[in-house]
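Some structures are shown below for you to check.
Two complexes come next, and they have one chain in common, chain A, joined by chain B in the first and chain C in the second.
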Partner chain A sequence: MKQIIIFAVLLSLGYFFGRRAEKKHYQSIIEREEQMISLPTTSSKKVAHDKREIDHCQLVNGSMVVSVDYFKRILAKLRNFFGGNVQSYETLIDRARREAVLRMKESCPEADMVINLRLETSSITKGKKNQVGSVEVLAYGTAIYFL
Partner chain B sequence: MKYKPSLPEHNDNVSHDQPVREFVILFSAITVFLLIVFWATGLFVDYAVDYISPEMEAKIFSSFNGSKAGVVSPKDPKQAELQHMVDQLSECIHLRYPLTVHLIDTEQANAMAVPGGRIIVLNGLLNKVNSENGLSFVLAHELAHFIHRDHLRGMGRGIVITAMAALVTGSGSDFTQLFAPATNFNMAQYSQTRESMADKKALEILACFYGHVGGATEFFKAMTPNDKGGKNLLGHYFNSHPQALERINNLHRLVKEMNFDAKTVKPLNDVF
Partner chain C sequence: MLLTNTEEIPGKKIMAFYGVVSGSTVRAKHVGRDMMAGIKNIFGGELKGYTELLQESRDEAIDRMKSQASQLGANAVVNVRFSTSSVAAGAAEIYVYGTAVSVE
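So, the complex of A and B:
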């Protein structure tokens, strides 16, 4: 009985705090994306059709490590029985991706554009049992500064 | 072409479903599935138990030795007297079941039926009962478990449930706890019925041996002060043994139904 109560408390704590954190994070992401919107970022390797001369370029990167709350973890495990979209992890990865790109952009506010954008993910607690899984998303690219 | 920066209106990478709803649906589906599986395997265990004779049981479990901690020597006068009582009770109901009593020196008060024809008596029990009849009732209750083969049924179910839990959720994960209510409920409901059945049979054995059922409720009465009573309504369904007070009432009802009477009880043998 005691174990069930502890479990239920953890579950609801995970749900409410996870939800709150997510909401706040999305608000901040949207605000910052609007601020950084004037910095074009592409995955192409070359500066396309621009007559301006390049002054210098620089490697820039941004990364975010994201972990999952208790409620989402249990929900994903339940989902494992039946298969299908693991929806509970979707927002998590989406947030990490966008945050990583934002951090990369924020590291070069003076740049004119970022080319060759790449995204990579790696699992930090790969294969270890009874550990809360966390994922790192790394965004890197080449910041271009025109003359 | 001019570059016009803008943010997408919708985030298509994220599903906008309700997670709580998803949780409830998935959780109830698995719970229903587990309840059905446990029920079905329970029937299978009951079916299999009918094919295990007492002799076969003794053979299977002869190499099955539990911890020796606290076990008193076979020559102990208390143990010998308990063995004698069990033999006499079995004889009265013409029970042919190779049974041995093991007395364990501990403060705890309990008795249990273990596969292999073993009755384990925890020494604290001897301090809780005041008369020979009271002690006989507890032993008769364990005898009844052997007659009904409850010890095998219980173990069979336990094995199935443990195996299922390990298979489905992976052993030792916190996730297993999520389905603990489903498994506990199943087990508790089942063993509550078996305990009540054993109580009924025990009354019959007591009436056969002493001619009356005096002293039957002694042990439960002694255990009542530690009981939570009816306060914990939810916990009640998860208890395998019906709560002491309820068992006393149940026994009184049975005594009335079966027209047994309670006369004066015999004092306990001096060795206790």
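So, the complex of A and C:
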């Protein structure tokens, strides 16, 4: 009985706080993405279609470590049983990726362009039985400053 | 020291190659941060302590790579790549590598 109560409390805590945090985070991501739209980012290796002369360039990076909540972990466990898209983890990693790119852009507000964007994902702490505990996303690229 | 993750430095000419240089750090989090992360695992959200820790160790790995490059007489590193791996429970390794070159 005691265990069921603890489980239910953890589940509802995860559900309410996790939902709220995710909603808030998505809102701020969308807002900041609109602000940073003037800084184009590409994954190509060269500056294409631009005749301006390059002043200097610089390596920039941004990262975020994000953790799953209890509710999502239970959902993922259920999914593991039935198979299919684990949507609760998809939104989690999507959030982390967009945040990492935003942080990278925010670290060089004066740049004119970011080329050769690379994204890397790694799980930092493994939970019990090889379940995802927290995920780190790193975004890095070369910021170009025109004359 | 110039750093880029492209094969060449945009707007500059590479004069000489010095080979691969690298830097790495292995860092562990202290118990307090681990406990905070355990609590966060219920609520979800960003683990700010870990983000900071990894960012710091990344900066240190870059510094080590830079000093190795300047020992060789290079003034830039191109094609920089990062890799992160968890070596043991509670410790992460950050590895940075690139090609040391000298530009005009």
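Here is the rule we use: the second predicted complex is superposed on the first by the 140 of 147 C-alpha atoms of A that agree within 3 Å, B and C clash if a C-alpha of one lies under 4 Å from a C-alpha of the other, contacts with A are read in each partner's own complex, and residues count from 1 in each chain.
By definition in this document, a residue touches a chain if its C-beta (ideal position, glycine included) is under 8 Å from a C-beta of that chain, and two chains touch if they have at least 3 such contacts.
Bear in mind the structure is a predicted one, so any value in this text is a computation, not a measurement.
*Asks:* After the overlay on chain A, what do you see for chain B versus chain C, clash or fit?
*Replies:* Partners fit side by side after overlay.
*Asks:* Should A:30 be classified as contacting the first partner (chain B), the second (chain C), both, or neither?
*Replies:* It touches chain B, and chain C stays clear.
*Asks:* With the C-alpha centre of chain A at the apex, what angle separates the C-alpha centres of chain B and chain C, reported to the nearest 10°?
*Replies:* One gets 110 degrees for this angle.
*Asks:* So, does A:45 touch the first partner chain B, the second partner chain C, both, or neither?
*Replies:* Once the two structures are laid over each other on A, A:45 reaches chain C alone.
*Asks:* Please indicate which partner A:72 is in contact with in the superposed arrangement: first for chain B, second for chain C, both, or neither.
*Replies:* both
*Asks:* First (chain B), second (chain C), both or neither: which does A:112 touch?
*Replies:* Neither: A:112 stays clear of chain B and chain C.
*Asks:* Could you let me know whether more residues of chain A are touched by chain B or by chain C?
*Replies:* So, of the two partners, C touches more residues of chain A.
*Asks:* State whether A:124 touches chain B only (first), chain C only (second), both chains, or neither.
*Replies:* second
*Asks:* Which holds for A:3: it touches chain B only (first), chain C only (second), both, or neither?
*Replies:* first
*Asks:* For A:140 in the superposed arrangement: first (chain B), second (chain C), both or neither?
*Replies:* second
*Asks:* Could you tell me if A:90 is touching chain B, chain C, both of them or neither one (first, second, both, neither)?
*Replies:* first
*Asks:* With both complexes placed on chain A, how many Å separate the closest C-alpha atoms of chain B and chain C?
*Replies:* 12
*Asks:* If you lay the two complexes on top of each other, which residues of chain A touch chain B in one and chain C in the other?
*Replies:* Shared contact residues on chain A: 71-72.
*Asks:* Where on chain C does chain A make contact in their complex?
*Replies:* It is residues 2-7, 9-11, 37, 40-47, 50-51, 54-55, 58, 80-86, 89-90, 92 of chain C that touch chain A.
*Asks:* Given the complex with chain C, which residues does chain A contribute to the contact?
*Replies:* Against chain C, the touching part of chain A is residues 10, 13-14, 17-18, 21-22, 25, 45-47, 53-59, 61, 63-72, 92, 99, 115-116, 118, 120, 122-127, 133-134, 136, 138, 140-142, 144.
*Asks:* What does chain B use to touch chain A in their complex?
*Replies:* 3, 5-7, 11, 13-15, 17, 19-20, 22-23, 26-27, 29-30, 168-169, 172-175, 177-178, 180-181, 234-235, 238
*Asks:* Report the residues of chain A in contact with chain B in the complex, numbered from low to high.
*Replies:* It comes out as residues 1, 3-4, 7, 15, 30, 33-34, 37-38, 40, 71-72, 74-75, 77-79, 81-82, 85, 87-88, 90-91, 94, 130.
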